[in-house]
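When the chains are written out, they are named A, B and C in that same order, and each has its own residue count from 1.
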Amino acid sequence: MKWRIVLGLLAVVVITGVGAYVAISEEARMAAFTEAYHARQIETGGALFEARCRTCHGPQGTGIEGVAPAINSPELFSGQRLQAIGFSGTMQDYLKGVISAGRPVPSAGTNYPQRMPAWGESYGGPLRDDQIDALVAFIMNWQGEAGPAATAPASEAVGTDIHVALPPGDAPAGAALADSLGCTGCHMLSTVGPGWMAQGQEPGIGSRAASRLEQADYTGEATSPEEYLVEAILQPQAYLVAGYESVPMPGNYGQQLTAQQLADLVAYLLSLH
Amino acid sequence: MSEAEVQAQPGVLTRVPMSRREFLYYLWGVSMALFMAEAGGALVWFALPRFREGEFGGVFSVPVEQVPAADADPGEFPAGRFWLVNLGEASVTDPRQPQDYPMAGGVRAIYKVCTHLGCLYRWVPVNERFECPCHGSKFLRSGTRIDGPARRNLDTFLIQAVDEAGTVLAESEQDPETSEARSLELPPSTVALRIDTGDRVRGGPNSKPGGGR
Amino acid sequence: MALFRLHLPLLDEIKAKGVRRALTDKADDVVTRVTAGLNIREVRGVLRDDAPARPNPRLKPHAEGFWLHMKPTYYHNLVDGLYPTFRLGWLSTFFFAFEILTGVFLMFYYTPSPLVAYEDMLNLLSNVPFGRLMRDLHKLGAEVMVAVVALHMLRTFVTGSYKKPRQFTWATGVILLGVTVVLSFSGYLLPWDQLSLWAVTIGASMFEAIPPEVVGRAVNLIVRGAPEIGAGGLLRFYLLHIIGLPLVGILALGVHYYKVILHGHSLPPEAEEVGVDTAKRVPMDRRTYFMPQILTRELFYVAGLTAILVGAAAFFYHAPLEPHADTLVTPLHTTAPWYFLWVQGMLKLGDKVLWGLIVPGVMTGLLLVLPYIEVGPSRRYADRRVGLSIGALSVAVLAVLSYMGTPWYAVQTSADQEAIAELVPQTHPGPLRLAPWDDLVVGTYEAGQWQNAPNATLQELLRIFQEGVERVESPERTSPSGVIVIEDWQNGLRKITLRVLWTETATGRPGENSQSVYLHRDSGYGQGE
């Protein structure tokens, strides 16, 4: 019978040992599980995106012109889009909110004919909260990848010289470019950047360009309305319109645009009286 | 008399030697006691709630832009249950500040709960002090009590100033004399503050009328 | 003059007998109270396995204490070891207590709502120290307990221990079997993953099938709290699991164990006459006393079993967690827990009322009344050949039915879906998800050319796929082929598309079935989910 006592003693020692071993490796295991589950969320999100979102937003989320905007976009991941609409939460909060509640009213500066439907269960949609979390994880996983920005090849970028000679510009092409680059997000309603459209007594930017040049506080180097607009796009820091100093306009459009694109944009802006 | 009979007699202190079997039983008992102790510890660890970042009890990240200006009204952070105060010249040299608790300039994260009986006190700009609506305890911007039935200064949380990469540039220390957390001066390249709401520093004892130990 | 005096009896004793003696006597007193009747000398006597004094003080903890009150003071030495009962009844009780203990700890971190149950499981596994171990122990204990309880019933049947005077003991045992199985089944639902939801939906549907229709519908609504299993069902199953069934179980166990002790553990058939209470007639020379022999054995079993269970749960056995329950999608090859496979097998035979309700009901009824209809006077194996044969046949039939309950029998879907499901099953990770991510090289691969794949992992996957694809060949579909396309989709994420292609013999047109799955580098399948 003594062997039972010894074996019993050994068994308790074994339990204690295994318990200690588990205790030591618990923190690492929990962290590994969190990471693994996040990866599986991305997988689930990928499948959901393919099933639900691809038809409007494109297989890689780059948007389909006239149908739905790009989600896989540097303008989203840099925080620009959130700033433009004044959203104060995190990017994940924003995505979760848009996917759950949809867009019954079009966003400022856009006019996609199809409204984004509400996907969240609490808004009458088909997706549970955890499925929407999975979609958000999948979308956020695009961050950090070289996004499909409108980057011109280095040799063709127009550069930052505001006196550069420009080819004739095509205003409708410029209007489309302003949409796809996301300019309208800040400049449509003048909450972030000066609005382009005429508002009340204030004329559109096409007419304002000339009057700005004459202002006493003008600090730039442009000598004509065209140059003023070129300077505003290539070197936004040259002159800041009063009241819009706080949110800086991105200063790298010189590297992103070709001369033709810039010309198209300027032509479009000049047409807005 | 046989050994059994000797043992059976009351009042006889016989020293019976421990047999091997008995010893093994005691050893087994000790191992079970040790296991129970380990299991107790594991159970406590199992049962203690853990807080993720952004939950009260965890760490809150506040961008440096949201820190109030020196001597301005405190910034409220309801999710984290704390006020952020920035002590500038005026707060440091405030004549109402009790001598026992001299203040240095810098940022403090003050727990929103009054140290008297748990109500949430308010900031009253007109009087430039915190006032608790329940029983009238009053505290300065620095968190030091100057009046009312509270018996200690407001509790604070430890702050870390981090830069863009997340490296800790500075963190608040505890004053060995008053056992309170010192104000934290933010280094210039600070991008955000990390406030650990799981680690609360109790306010120092303060029960004299007008404030003081 | 003092207004009141502190009167410590201990101080009086110290004054009377001296410190040492007083303290020893006090310790003696404490030990006697704790053990309900044994002083230090007598405890040491137990530990040393000395012969007990007369009158035997070791009977006092049983007679006067609470914890050992029902426990017999001695066993017949024919049934004090592992044979012939294998201590299966004791094991069943051990597992019941084990499940209660682990279950109570799990309750710290669980809320029975479909909105948070699954997230609670994730939290348990990712943010609670020992969370996974506790869950694995609970699940492992549950699976083993069902097996142990079933084996206990089988042993009791084989040794004929259900006969007079133990008929009602057997009946309470059948109730306990039901309690155990339903406890395991109700616990199944709680994680609220795909396996939970659909396995329990199938089982709960049996209630809906109860004729007449109005009764079936009412019972279904009461059990599920709604026409389908949702928030109401989860809460009701949870209440059943944590308090309803445990209460019934404890009461039934009380009656069951009391009767076991009353009549005594049944001895091997040669040693015992049917209809006789052996408990009261154990000769002095055949007694194995509880203290210390049986107590040591039981402590040894507890220690050993706990060590085995903890070791198994820590290193080998990990309870799976499938994706979140989806009330709109039933996974292919979803299956019942193993102890219900026989029912699932029967359900494939025909009408669900007959095979799902009537037959199991009749079987359970027969089990319940067995001791009252099988009243043969002998427990010897030689005299019970018919009964033992029927028992063996029943076990065999249950095994066959259980096989029929598995997905391999009669629920095979079309061959192309089966080929895809071989690689990416919907109920467990499967070979594709378990393959090393780095070996899934980007490219397009034909299953027929599996030997040319760049590495062994891809060769194996393609070979399995090819085997499934070849089964697509049929009079209606010819020249089947399979293709696996692996693309880089996102940072660390690959999209793998499985395509099965064939030609329709009737029209000559091509047919295709394809399914894509996304795999992330860090998703870590096969690491004990």
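A few notes on this one:
Basically, contacts are C-beta pairs under 8 Å (C-beta built on N, C-alpha and C of every residue); 3 or more make two chains touch, one makes a residue touch a chain.
This is a predicted model, so every value here is computed, not measured.
Of all chains shown, C has the CA centroid lying nearest to the centroid of every protein CA atom. Farthest from subunit A, judged by the mean position of CA atoms in each chain, is C. Looking at A-B and B-C, the interface holding more C-beta pairs in contact is that of B-C.
One finds 51 Å separating the Cα centroids of subunit A and subunit C. The geometric centre of subunit A is 40 Å away from that of subunit B, both derived from CA atoms. Distance between chain centres (mean CA atoms), subunit B to subunit C: 45 Å. Shared interface positions of subunit C, i.e. residues touching 2 or more other chains, are given as 49, 127-131, 299, 303.
Multi-chain contact residues, meaning those touching two or more other chains, occur in subunit A at positions 5, 8-9, 12, 15, 19, 23.
In subunit B, the residues that reach two or more other chains under the touch definition are 21, 25, 28, 32, 42, 45. Of all residues in subunit B, those touching subunit C in their complex are 4, 7-8, 13, 16, 19, 21-22, 25-26, 28, 32, 42-43, 45-47, 50, 52.
Those residues of subunit A that touch subunit B in the shared complex are 2, 5-6, 8-9, 12-13, 15-16, 19-20, 23.
Put simply, subunit C touches subunit B in their complex at residues 21, 24, 41, 44-45, 47-51, 53, 105, 108, 127-131, 134, 299, 303.
Residues 20-21, 24-25, 27-28, 31-32, 34-35, 38-39, 42, 45 of subunit B are the ones touching subunit A in the complex.
Residue ranges of subunit C in contact with subunit A, taken from their complex: 49, 115, 118-119, 122, 125-133, 293, 296-297, 299-300, 303-304, 306-307, 310-311, 314, 323-324, 489-493, 495, 516-524, 527.
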